[in-house]
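The structures considered in this document are given below.
Same chain, two partners: chain A is paired with chain B first, then with chain C.
== the complex of A and B ==
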């Protein structure tokens, strides 16, 4: 019998009367990987915060290696050998890898307060090598890709002697190659006897990696068992509490022939080349490609955030050159960016402030000063919040940063919906949100198309595009390399188009980290 | 190429302005003149090193001018009324500076008042205390103190030697001790620092205390050169110190900066401009305006430089390197990323 290294017994936690966790009981077996899944707001983060010593449970207890474990602050968890690799990495971008690893425990020169740089360097090199990271320990973290930074965090966890490692949505900012590298490392860690909790919305990944699966819903543990007994369907239906017959709502409407957006020969040296595309009223046009293919850059150009040297852009038949975001908005365009935290939301502002942001001028009266009609605005926001089923506290008081990822994304969409644009540019709109919220976003996209809006949907999830779009364009290295009608949708040809222009690397080469810098 | 130029803006600016004034007035290029510049820059340079610590932690200290005043007059009054010998007076001066720094540290870390507001308050209180103690009169210092201002050590003016020692110690502290690295960490991301187990209150507090001590030392050096302290001593010197640090590449948002060459260059640059204007025989009444103008342009360039550097490093589009998916059976994974 494999003993459990970590035991949760009846953990409960409430915030202001709202049950975040209720009587959660399960065990993490030594040397095993446990997949923890659940919708946003199901209680995964709260549970991990309890484990980390950030929050104290209202009732229940935890056992670590059979002994009572009740951390009072994060340092207790670290001392106990538990390390967290969060989605938002806790690295200092202005310091080197070595400095980051040893920031709270530098090796000293004897008893002096001076750092033994050689020892720190040596240990860092050892750790990096064990993770197959070909980087100099003096490299500033600022220079590293998200994938490399994550590995540095893992190195840091290992350097503190962690025996239990928790991964929280680790693959959101990673390329496919980096993800494979991460999985390899996770498997290596398991070989070394480390125990892991893996939290992810990528149910496929969880099935691939996990030995055991635990499903949380509304703060309760609703399912647990060996991973081999789980299927996607079972995972999803347990997570949302009902059988999911389909992941994508049915597309019923058809695009019209009227073009809302016309792009001809758009070029910007080094970024995009000779882009032609037409977006029709009521159409969902997908834009697929690998990271770095120029999709986001193209969207930014269409919206007026970046200039373009050559080409024509017609919005509703009207040619536009040198536009700025304000002009694009006035012409009925909306841009849902891929970084909702940095570019889509005012994290420290309320839901009302966020949702009302773009359409604000429409709620003002008078010439100068333009006074805001708060009640009108609040009503309009409340209607959107209800229509989109955004789960939040009182909208005039809840801050955006306190919402779950899925609800945050809905707030971003709601912000644009308020001004009823005719053209939507959406960049990875379902990144980092759970299955239930994804379905709701897909429904919103469908409804928008049915109402006549034209939507350019950028996504790295081919399945998502195939389920939603009328047509998929493929970009590679700044050029359009393929166009597929709905009837022609098939994974292989689309992927081929996405890889056009990329070097084919010989089979034998390890697609682990890049040698040297970038 | 562009990145290298941008990263070394302080040094380039330094050389450009040096050559500009040298061209306007050849006398400026003499060793004597340069030595004079560095000597005059020493007192604010020392204070600027202290300010650099605080700025690195994403804080600010507006009170150093009042600190200089208060510590100087306490020492001066003790010399005048109790015949305190000069070395002891220096110790007292540094002690007052330390206390000033401790007060700032406590207000910021215990009372959790933001540095701007906290040091604005101590700026007023410190000045007021000093004026009260001196009854707004001037305090003169004996020869035993002013001797420091004119003495030399191995041919180098003593103020410059002290400046150099301070810079060396600060450099070693920042580069070679855990506290120094933690200063950078706290300035970069205070929440991450807390999560990493760093005692952020201790780090920020220490920065304020160091700043206080160095401000007092800088003040003492200035007194050693002037010989007297009047009611306006030290007024607005905090802005010189901040300007010197910022010109030297220290970010007002924390986490970026260095004492050498950074702040040292900044301090000397400012003094160079002031003295250079005199050498170039610019109209006396225009001098403050021109000096302010040059420094404004320098700080503006620094701001633009930071923006440009950020933009350049963001432009890198990450390209996926992969084997073709149909060869390695990795088709499902491609949906990600």
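== the complex of A and C ==
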């Protein structure tokens, strides 16, 4: 290919006999945007690590601008003009924007060891302006929104003179407006002749942005071509290796009239105000709202992780006050938190220890000491791992951090299932996991509802809620601003309720069903 | 087209010899093997080390230290640290001795704040009775556990850093022990008590038996109870533990209380061996405790630890101290060598963790 700036040629890589990449060959055209898609564990991250010089391929080679490119360390990639914008941002939150941009190469005063603050500031202002970011270079990164941090990362990439920019799931924590701004900037960069690899699970975004699409599955390249030839269906079927005829499994059960959770007039100054809701047996109740609408805080209060000043909480008709997570669990509640790394999993512990954690007391005999029945616990864990089809090495040795995102999430769900709860609070249970794993999570939610559990499902993806829920509540600024029965589901009114009290009117993007805004 | 084959990342040398070395390094019982090799090496150069007398000496040094390390292990697994163990030893030693002693010299103790209240020239009100020894021991355990409990409370409820809390309590309680006795050792302890330090069942000393029970109990708690699993969970992630319904506060308090309890057990053994209550007991032991724990492989970052590791760590550390003291090094050289070995152990631990992590990817 004449105009290719970067070429992967037969890249293979395996870890201790397990193939992560096999003979991957494709090219990135100069000034183009290439969308790289695939399920978790398909090899996208490994491939990018090879590109970054973090891993060396077992065989195969890369060419950059026609010349051989074999990075030995990440610094080689930077020198070669390749910049990575990671899913988890690599900024020092305790430092200012300018400090972050120049941390490894501050301009000096002449040849002295002293930093030329003025020059750093001037260059930072220039970079921020080129991205239309109205911020002072002295602003601490800590005080920036996720979207602004992303832009600072981009500024950092530009400041190193990068020609190739790799985005890895850049929109997961962005609001709709921030996503739009990011897309504008990505397009601008393309106009300026920068080449981009864009990795995302959001296939709609890839279709919208990309010139070319490359699909990986199980470490192999299974499809590649111009984006205009791709449809959503084609992408999904190539990614999972089978056609998924529907995105959401069909609900067959109907909720009963029996209430499992009653919330009456719950208030906490500045966070939520006068919340009333009822969750029924077998019901999937959606809770939609923008980031910062109080939806996560509400779930945390219901589970006893945060206090509330006023209001009443009834579980199975029994009032509860001043509870802690342990009490909630004993009353049959489960809470799948939005951040599985920090609050869902013990990343350094094995799959067995993670799945067993919540239900431990149920597998003990005696009161003091409570002796564990290891055999029973291990059997129960093994059943969960099998039933949920958690893909993992030996469960007694594999650590949670070594699983893919989708499997990690299944471990989180599994640990709650083991305690057989009747009420599930799920906060963004499908965040950052691939299409196949999402479908499995949806199926689990449906099955749980069919078995009579009540599920409060929080999500930023409106389509997801509309596909799964019996009823959707909408929150805005700490209040419930709308309630929709299944027959009334429609994007526009729901989004309208979600933006109630917000100055900014939803833009075109919001109608595609993504929540955002502050 | 010439495609360059890029060499594998693994910069490790290969070969059979290396494979064996790697297996040994990564082995669960690495420190035990190290101790055995070390001991064998010492026997070549200092045959005296394997003599009956020295082995008895080794053993009498080992068991009380193991009691301390077991306690420290609970706290380390929680991701904390207990610097106050040595002052707990001093305080419990003094408290127990005060209750049990049969004679106090008024010239020395008349200035003690407890003189006239609890203490007199004949010891305490229970001195000389049948209950003196059991009550004295119970009081020591109670005092040690209570101090640990207070430490735990400060760490769990007020969310103060463990380092700070236990550093302060180290200063406070060792000061208290000195204040209560006016820095005098309490002697004349009943025979029933001092026999713990010297006697035993046949050739097996009491201290071994006591610490063996403690070690087995610790193992059961850690591996076979809900509480044990909670220790590891809290050490790995407090936030995940909270959401998962683990009563993290209580778990932390219990951990520090256990550490205090174990320190009291060590104090009972040491005081019995010295046949006296010492307000400065264990003053120089802190390095030994943390050092032995780290050498054994109990992580300072929390979430990792085993009773066997504690045992191996103590074994190696005691061997090291013993051989160093036999070398008759100048007094400043001993801590230098000890420090270097602990540093090496920490380095080894980091290396092992990294290698094990790579194995786990497979």
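FYI, the second predicted complex is superposed on the first by the 501 of 518 C-alpha atoms of A that agree within 3 Å, B and C clash if a C-alpha of one lies under 4 Å from a C-alpha of the other, contacts with A are read in each partner's own complex, and residues count from 1 in each chain.
Following the convention adopted for this analysis, contacts are C-beta pairs under 8 Å (C-beta built on N, C-alpha and C of every residue); 3 or more make two chains touch, one makes a residue touch a chain.
The structure presented is a predicted model; accordingly, all values stated were derived computationally and were not measured.
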| item | value |
| --- | --- |
| Touching partner for A:125 - first (chain B), second (chain C), both, neither | neither |
| Chain B versus chain C as contact partner of A:397, first or second or both or neither | second |
| Which of chain B and chain C A:232 touches, first, second, both or neither | neither |
| Touching partner for A:290 - first (chain B), second (chain C), both, neither | first |
| Which of chain B and chain C A:224 touches, first, second, both or neither | neither |
| Partner chain in contact with A:106 - chain B first, chain C second, else both or neither | first |
| Which of chain B and chain C A:90 touches, first, second, both or neither | first |
| Which superposed partner A:204 touches (first chain B, second chain C, both, neither) | first |
| Chain C partner contacts - residues on chain A that touch it in the complex | 9-10, 15-18, 55-61, 68, 70, 303, 305, 324-326, 328-330, 335, 337, 342-349, 353, 356-358, 360-361, 364, 369-372, 374, 393, 397-399, 402, 415 |
| Sites on chain C touched by chain A in the complex | 1, 3-9, 220-221, 224-230, 232-233, 236-237, 239-247, 303, 359-362 |
| Of all residues in chain A, those that touch chain B in their complex | 74-75, 78, 90-95, 99, 103-104, 106, 108, 113-115, 117, 142-143, 145, 171, 174-180, 202, 204, 271, 290-292, 294, 297, 460-464, 477, 491-492, 495, 498-499, 502-507, 509, 511, 514, 518 |
| Residues of chain B defined as touching chain A within the complex | 172, 176-179, 181-182, 184-185, 187-189, 191-193, 195-198, 255-256, 313, 316-328, 330-337 |
